[in-house]
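Labels run A, B, C and D following the written order; every chain starts at residue 1.
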Amino acid sequence: MMYTTTPDWLVSDWLNTPDPLGPQSFPGRVVVLEAFQMLCPGCVSHGLPALQRLQDSFKPEDVAVVGLHTVFEHHAAQGHRAALEAFVHEYRLDFPIGIDRQREGQRLPATMAAYQLKGTPSFVIFDREGRRRHQHFGIGSDLALGAMIGQLLAEPTPIAEPETTSCADGTCAV
Amino acid sequence: MMYTTTPDWLVSDWLNTPDPLGPQSFPGRVVVLEAFQMLCPGCVSHGLPALQRLQDSFKPEDVAVVGLHTVFEHHAAQGHRAALEAFVHEYRLDFPIGIDRQREGQRLPATMAAYQLKGTPSFVIFDREGRRRHQHFGIGSDLALGAMIGQLLAEPTPIAEPETTSCADGTCAV
Amino acid sequence: MMYTTTPDWLVSDWLNTPDPLGPQSFPGRVVVLEAFQMLCPGCVSHGLPALQRLQDSFKPEDVAVVGLHTVFEHHAAQGHRAALEAFVHEYRLDFPIGIDRQREGQRLPATMAAYQLKGTPSFVIFDREGRRRHQHFGIGSDLALGAMIGQLLAEPTPIAEPETTSCADGTCAV
Amino acid sequence: MMYTTTPDWLVSDWLNTPDPLGPQSFPGRVVVLEAFQMLCPGCVSHGLPALQRLQDSFKPEDVAVVGLHTVFEHHAAQGHRAALEAFVHEYRLDFPIGIDRQREGQRLPATMAAYQLKGTPSFVIFDREGRRRHQHFGIGSDLALGAMIGQLLAEPTPIAEPETTSCADGTCAV
């Protein structure tokens, strides 16, 4: 499937990364983002362990994993950064985790709404060019998840954009 | 083993029970109490599921299970009642759960200190007369836990004390 | 429960023991016997692992485990000693295993019939005096199995009968 | 990886298929072959369940699974067809299973030797054109297995060869 849009990640704060991240932050890599809540039993027992198995099974230059804390219930319990920090510390999560931006008067946080995610855990998979390619709600099988990633890895790596250009005399050459 | 003392449960608040509970609240029943923290991975993945298997494997008139939330770290994240309530709701826990009393200037809460528990999860087992008989820190096997309970169930049920007596003329009749 | 009879084990051959065994061979110990077939999936995935966990969880002087190969189907595949030996070798089983005696013209082997076992895996539990006390067909929980054993362990150890007496002049001295 | 050769499957007998099979029998499909032995614990507990998960996770027109019974030990116990038939019946295996051809005076059967498999379970993966592309000994992760399959599925399906050719005037046109 090819989604026509790839919304940006609308995040109010990040853990485990010095810089804010988005779908375009991982050129050449397949990215698996898991939307989770720290008090969601299926996320704790299945979703986050799957994300950790992904980290262990693929080379970091091929596949990146990202968590997105999409709090849409129990805000008093899990909606503040200290709660998530304690959780991340206890569960030894070391991948980047964004806190999905809460919206005044809205139940669903911003990224969750933009991606039309149906609940937690949800997985969104981005191709080597940062385009949204798959998303599903709930626990899938590792075989199916592996196959989706394998198919995206088989696509040609985009030619890297040069990071600097040389400009002189009013013109810029790549 | 027979402990020489059975400290009371020093609890600031209870969930899932209308009345405060203590070791003497379950006459004739073996009681398994688990000290846990909602952000302790071993409690979530092993300790609390074991407590639920106990509930499913024994008759309620034989074995009672009780949780004790012994927060000794991450107080901002798990040290308030709303956080525990959200956790209990999401994990569908329906047995009585006490909140171990925090003590000013002390790291360990009151019951945890009185029982000299070494961490979470810990299990304390009480016999049919409400006496502390076993306790251990960490995840044990179901076979060993079952055997401890079986041995206590094999002990004779204490003769129930009459709840009221009628006294008159200087004598008391049962 | 107390069974009124404890049939002998009617075994044509033994593995992992120099001597034939029976319910009376383990004085003072609780014995768990599992009736299994090497090509029974539930025995391989659940029954025999439970027997091995029993071995690991209890002291050998408290609990003994015994296997009984009760072939009642697929005789060509699993009904000869070489097949069972290969299985026992590959699965690293080191407890005594009896081969239930086949009976001419009968589907069920002899011990299986005497105990009226309904299939494999079945568990039979004997008390410290060698009496049949529990039996069940299928996979039970470790908590329930542990509790049965714990209750039997709580029963007083029988006073050992003297093995020899010296008799002379019409009197016998222990 | 691309292997330079794809040996044929040297099989003495088949179960669950009316016709003998080989790497070229599945045009357009990725094929996963598992070499196993019925008395190999790792095959029973991990390898064959993985093959069944493959069957459940992919469409039959995309991925085919095949078993290969490569007996190299315990021939008396597992080296005859009746033993394998009983095993296949009890474990409800319904995919095609070949019996690797025994070779006079050789320990390893023929296909196992031709593929230089190191033991059981081993997995060999063939691409849509029937070429050997991956093989590994032992239990891998479902994520890694899924990714290998996904990468092969992403390769273009070969244009089907016409099954008949039109010949006339002494020449045959495709």
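As a working rule, a residue touches a chain if its C-beta (ideal position, glycine included) is under 8 Å from a C-beta of that chain, and two chains touch if they have at least 3 such contacts.
All of these numbers come straight from a predicted model, not from anything done at the bench.
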Equivalent interface to B-C, taken from C-D, A-D or A-B so that over half of the residue contact pairs match: A-D
Chain pair with the higher count of C-beta pairs in contact (A-D, C-D): A-D
Chain A and chain C, separation of their C-alpha mean positions in angstrom: 55
Chain centre separation in whole Å, for chain D relative to chain C (CA means): 41
Length of the line joining the C-alpha centres of chain A and chain D, rounded to whole Å: 37
Per-residue overlap in chain D, given as positions that touch at least 2 other chains: none
Footprint of chain A on chain D - complex, ascending: 53-54, 57-58, 141-155
Sites on chain D touched by chain C in the complex: 39-41, 44-45, 73-74, 76-78, 80, 82-83, 85-87, 89-91
